[in-house]
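Take a look at this one; I'll ask things after.
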Amino acid sequence: MDLHEHQGKELFAQAGIPVAEGRVAFTADEARAAAEDLGGRVVVKAQVLTGGRGKAGGVKVVDGPGPAQQAADTILGLDIKGHITRRLLVERAVAIADEYYFSITFDRAAKMPLLMLTTMGGMDVEAVAEEHPDRLARLHVDPALGYRGFHGQRLMSMANVPVGERKALAPLLAALYGVFADRDAMLVEVNPLVRLEDDTFLAADAKVTIDDNALYRQPDVEAMRDLAAADPQEQAAREADLAYVKLDGDVGILGNGAGLVMSTVDVIAQVGGRPANFCDVGGGASAEKIATALGIVLSDDKVQSVLFNIFGGITRGDEVAKGLLGALEQTDVRAPIVVRLDGTNAAEGRALLAEAARPEITVEETMLAAAETAVRLAGEVA
Amino acid sequence: MDLHEHQGKELFAQAGIPVAEGRVAFTADEARAAAEDLGGRVVVKAQVLTGGRGKAGGVKVVDGPGPAQQAADTILGLDIKGHITRRLLVERAVAIADEYYFSITFDRAAKMPLLMLTTMGGMDVEAVAEEHPDRLARLHVDPALGYRGFHGQRLMSMANVPVGERKALAPLLAALYGVFADRDAMLVEVNPLVRLEDDTFLAADAKVTIDDNALYRQPDVEAMRDLAAADPQEQAAREADLAYVKLDGDVGILGNGAGLVMSTVDVIAQVGGRPANFCDVGGGASAEKIATALGIVLSDDKVQSVLFNIFGGITRGDEVAKGLLGALEQTDVRAPIVVRLDGTNAAEGRALLAEAARPEITVEETMLAAAETAVRLAGEVA
Amino acid sequence: MAVIATADTRLVVQGITGREGAFHALRNRAYGTQVVAGVTPGKAGEDVEGIPVFDAVADAVDRAGANTSLVVVPPRFAAEAILEAADAGVEQIVCITEGIPAHDMLEVYHYVRPRGIRLLGPNCPGALSPGIANIGIVPAEVFSPGPVGLVSRSGTLTYQIGGELAAAGLGNSTIIGIGGDPVVGTSFIDVLDLFEADPETEFIVMVGEIGGTDEEKAAEVIAERITKPVVAYIAGFEAPPGKTMGHAGAIISGSSGTAAGKQAALEAKGVPVGTNPTEAARLVVERLGR
Amino acid sequence: MAVIATADTRLVVQGITGREGAFHALRNRAYGTQVVAGVTPGKAGEDVEGIPVFDAVADAVDRAGANTSLVVVPPRFAAEAILEAADAGVEQIVCITEGIPAHDMLEVYHYVRPRGIRLLGPNCPGALSPGIANIGIVPAEVFSPGPVGLVSRSGTLTYQIGGELAAAGLGNSTIIGIGGDPVVGTSFIDVLDLFEADPETEFIVMVGEIGGTDEEKAAEVIAERITKPVVAYIAGFEAPPGKTMGHAGAIISGSSGTAAGKQAALEAKGVPVGTNPTEAARLVVERLGR
């Protein structure tokens, strides 16, 4: 789950990391009131779950409430890489001496958190990585040790942070790691991490991603979820604990396991079709969950046929068949369904389907045959 | 550093571990007031840094303020294994259903904390270990894991704690481990750990020992130190960061390193002498520390000669000589001093001593010769 | 002899009194696996159709001689279950559970790895040596004994490929699902080394997918020290680009992680890559010449 | 070839800009030890009489080829210094510091041990191979090369016994102080195994003291697998009984831990025990027949 800047900064502030004083605003009037409240020069920033808002005109520095209201008016509704701006952060402007970059990533290749620090922050850090790789310090933290003082010392040394600044910067790096570890983060990125003119440091931005699997123990983060920013079908899928992704074609895909679903998407494309979406029911799905998943896949109007591809291990074929048949009884299913059922209790599942003999259902023996049939049926409708 | 029961319970209470409500009393009047305050039946318990107070008459259960005052009168001043009772804990009596025993020891052989639990608590647990070893559950905690729920489950299973009681007991075991780990304890022992008639658990006693080396980060524990219970010379030694132990003989021993000092004690005994005390100045002692140590050793009236045994590694012979000579110049040293100096900068040290040519000092080449001379000189005085 | 799941495997099922735990414990036993114990705290003394239940894994090790654990417990408790098994001295742990918090698995990984304890998963189907033992949830009826060692990041894709090979008349030495989570205990490289040393395995099929760099690293190792022929299949050629994770994700992963990138890395080291399960099975059949 | 302190040892001194750190770094270098670097955060670029100083141990490893660290930092920072060295990939760490909190050392021990990193100490004098290298604070001028491997829990007793042996004309292969703290990284058994494998060592002297059970365990191992002759010395026969640690201490230690108990355990396995340094040296001379 990606957090908005102001939400990430709320976590930072709780962990004792300095951030500029600010207010969230959903309207231009609220932005004006926020600027009045804060006084002086303020920054008005679009809160969207994507990068590049600066280049897109989503950040403005202004003096006083009137200009803040005007800036808010311009930024609200702005489309930034497909994300509509619906909220703003109005912050007191600070006196910046230097812009650094610091991030902590969950590096799955190394199976360790990766710290990155450069004094060339603020700008495009990917370009720094390309053009000045020696200026971007990288350091892994062994999770069996956790973050220690020496990690910060080494990282600052590698990044050539002036010795006189290290004492002030070190506790911030430690506290940001604390957010990463304590908040089940997959990413904590601060760009820029600014040195102020009084030689203290402050997090001027916050990109924080929290592990969805850990949200049960981060209830305050879960409560931050921006429902307006989510697709309603994706929202329904998440509530049912299903992985759902929307695409552009006309074949709906339902399967168990990310690998098989991905493979099904590949095969649909390879036999000349176009997937409309895909939904992974995961392992050990119940009949009820199967029915919910089918409902979500079919709620997309573009779906002209559905490919049901199940190779069960922990998922049982009889449960899948029951879920499918239950769904057909409760709702009017508007698209043909191609079923391929293999693995645990597949014979029982196929027997149930054969017994029900529903006209909407075509059973195929192989994945390839099922894909071909689903694509053909979608084509017939269109 | 050993804690009194009421101090250990203060740490327990801070960690959320249930203890009976109680008050510390230094006089019988205070004990009476405490009993009044608490109301009803109370227990008056001697607070001494040793075991066996029950058998020695140091614990009395009484009804009301008058009897509490009387009990306090009896217990205050009581000599329990050489410890004079100077303080009491007056606690509200609780309705005990069962007495268990639980402890966490720093097991240096296994290099892991050792948990021990038995449902046969309250009584002499060493006897349980002897006579019913199967009833005393033992389990090590790998420090790389720390305490986990499964440790408690396994320990309760091994000790045959009834399944119905485990849910109530488990959080107490976890919290006690928390005290052990967070408080740098070398021992946390609760005997009895009582099950009350309402099926909750409570720590009815507390034996807690804190690592002296960690007191710098446990300032509230350090502040609990019972100065009245300590020997003044030991107290002075601790303040100077010296290890000092008082014995019964007439030869004072000063050395660097626990091993060499222990060996010196052995050798003094083997050549027919009796050590009066010994003081370990540790590694890298400064001239000032050497002088302080000499002062502490000599402050014991029984000392008739001093054996100065130094084999320096990190300790430097010239520093030792300077410290010794400095001490001689500042104070009137009443006993002869035998010096044996070897190791790092020993030649420089011996040169300094030879140059000073103090009559109080005899320099010997070997440890054995030095011991023999020190014992002879002590004998001549006596 | 096969690997991981062998005739010497003595399995304890953690979470055996749960619905899934009981189902798979019994199914594995019915297959011929030595399922010697189960664990559910507070249920010591009970049994699941004759399989004794203990309060703790250490009891299953001490009293039933368990040497391998199958973890079938909910995600909130799974990491601790793995650590309990590791602490109790089992040699191998297979964790089926999906949805374990990533930070929990960081801790688990860096505990078991330096101590030489094999962890398969989490979010994996376990290991099956057809005709010998099944420790996990692989639907064994699809597979038969044979010369192909199969290793996969995806559970259901494992079955799919195995099924395609079976349809072509090819059996398996051992089928191993290493799991699809960001942090899993056993890598492709670990399994490639096991198959290389296993006399029953003549041919290796590796099933990868987008994300991470495990396939790229495996390609290096195959070129370096794997003498047995390897065929790969990668899933996710048509997968939509994932959401970006700030700048940091792009910096650390670079261009690696795509299906096409993995295919190129493998082919550069002489490993043929199928782009769907059927094609991958066909490549195996061609190479084996059967 | 000697052990631990060898011609291949490339030492980094953590805390080199401190008084003790500088003193021992230079003394060790003067002895002939390869002292390739020092570490003090914030002082990278400086040097201590030609020894380059870095901000971090990893730099000393990467840029100066350090493979062994000598930790000479105050007790509050020593545990982290050891962990930094371990994380940086040095093979051996010698920690001189006395007074490190015991819980810190529990953590350190269980980090370095499964990772195969040698830790000597803390609260130890380090290792000296006379004529080859000195990594620690042993006053090397007392010792000369020879056939006796010496291992001790006590720093000053190490020097004392070494001095007595030298007075008897006997030199040492390596002198190793394992440290006197409750938790030290290397045990008597570890060093006995090293000496057993070391061709330079013909005879072993083990210097123990009261407390713990290391000497008793070593006696078992000597009987089992040490073929070279061993003589022991134990200190603390006249030590006053320590304060009791509740009941728990008595239960876990039983009757072991006293000097007499250790003497008995060793003599039962045929290891002669001296009761003072002079007697121990005499026993060695008798056995070696020189």
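Each chain carries a letter (A, B, C and D) given by its place in the written order, and its residues are counted from 1.
Throughout what follows, contacts are C-beta pairs under 8 Å (C-beta built on N, C-alpha and C of every residue); 3 or more make two chains touch, one makes a residue touch a chain.
Values in this document were obtained by computation on a predicted structure and should not be read as measured data.
A count of C-beta contacts for the chain pairs B-D and B-C puts B-D on top.
Most remote chain with respect to chain C, judged by CA-atom centres, is B.
Centre to centre, using the average C-alpha position, chain B and chain D are separated by 27 Å.
Our note on geometry: chain A versus chain D, Cα centroid distance of 53 Å, whole angstroms.
If each chain is reduced to the centroid of its CA atoms, chain A and chain B end up 56 Å from each other.
For chain B, residues touching at least two other chains, in rising order: 142, 144.
The residues of chain C that reach two or more other chains are 111, 114, listed in rising order. Chain-to-chain contact here is organised irregularly, matching neither a line nor a ring nor a star, and falling short of all pairs touching. The full set of touching chain pairs reads A-C, A-D, B-C, B-D, C-D. Those residues of chain A that touch chain D in the shared complex are 142, 144-145, 148-150, 153-154, 156-157, 163, 166.
For chain C in complex with chain A, the touching residues are 20, 24, 75-76, 96, 98-104, 106-107, 109-111, 114, 125, 136-139, 142, 152-160, 163, 167, 180, 182-183, 207, 209-214, 217, 235-240, 243-253, 275-278.
Within the complex, the chain C residues that touch chain D are 114-115.
Interface of chain B with chain D (complex): residues 2, 50-51, 103-109, 111-114, 116, 124-126, 129, 136, 142-144, 181, 184, 186-187, 189, 191, 207, 209, 211, 213-214, 216-217, 245, 247, 255-260, 262-263, 265-270, 275, 282-284, 311-314, 342-344, 346, 366-368. Interface residues of chain C, counted against chain B in their complex, comprise 41-42, 44, 54-59, 80-81, 83-84, 87, 111.
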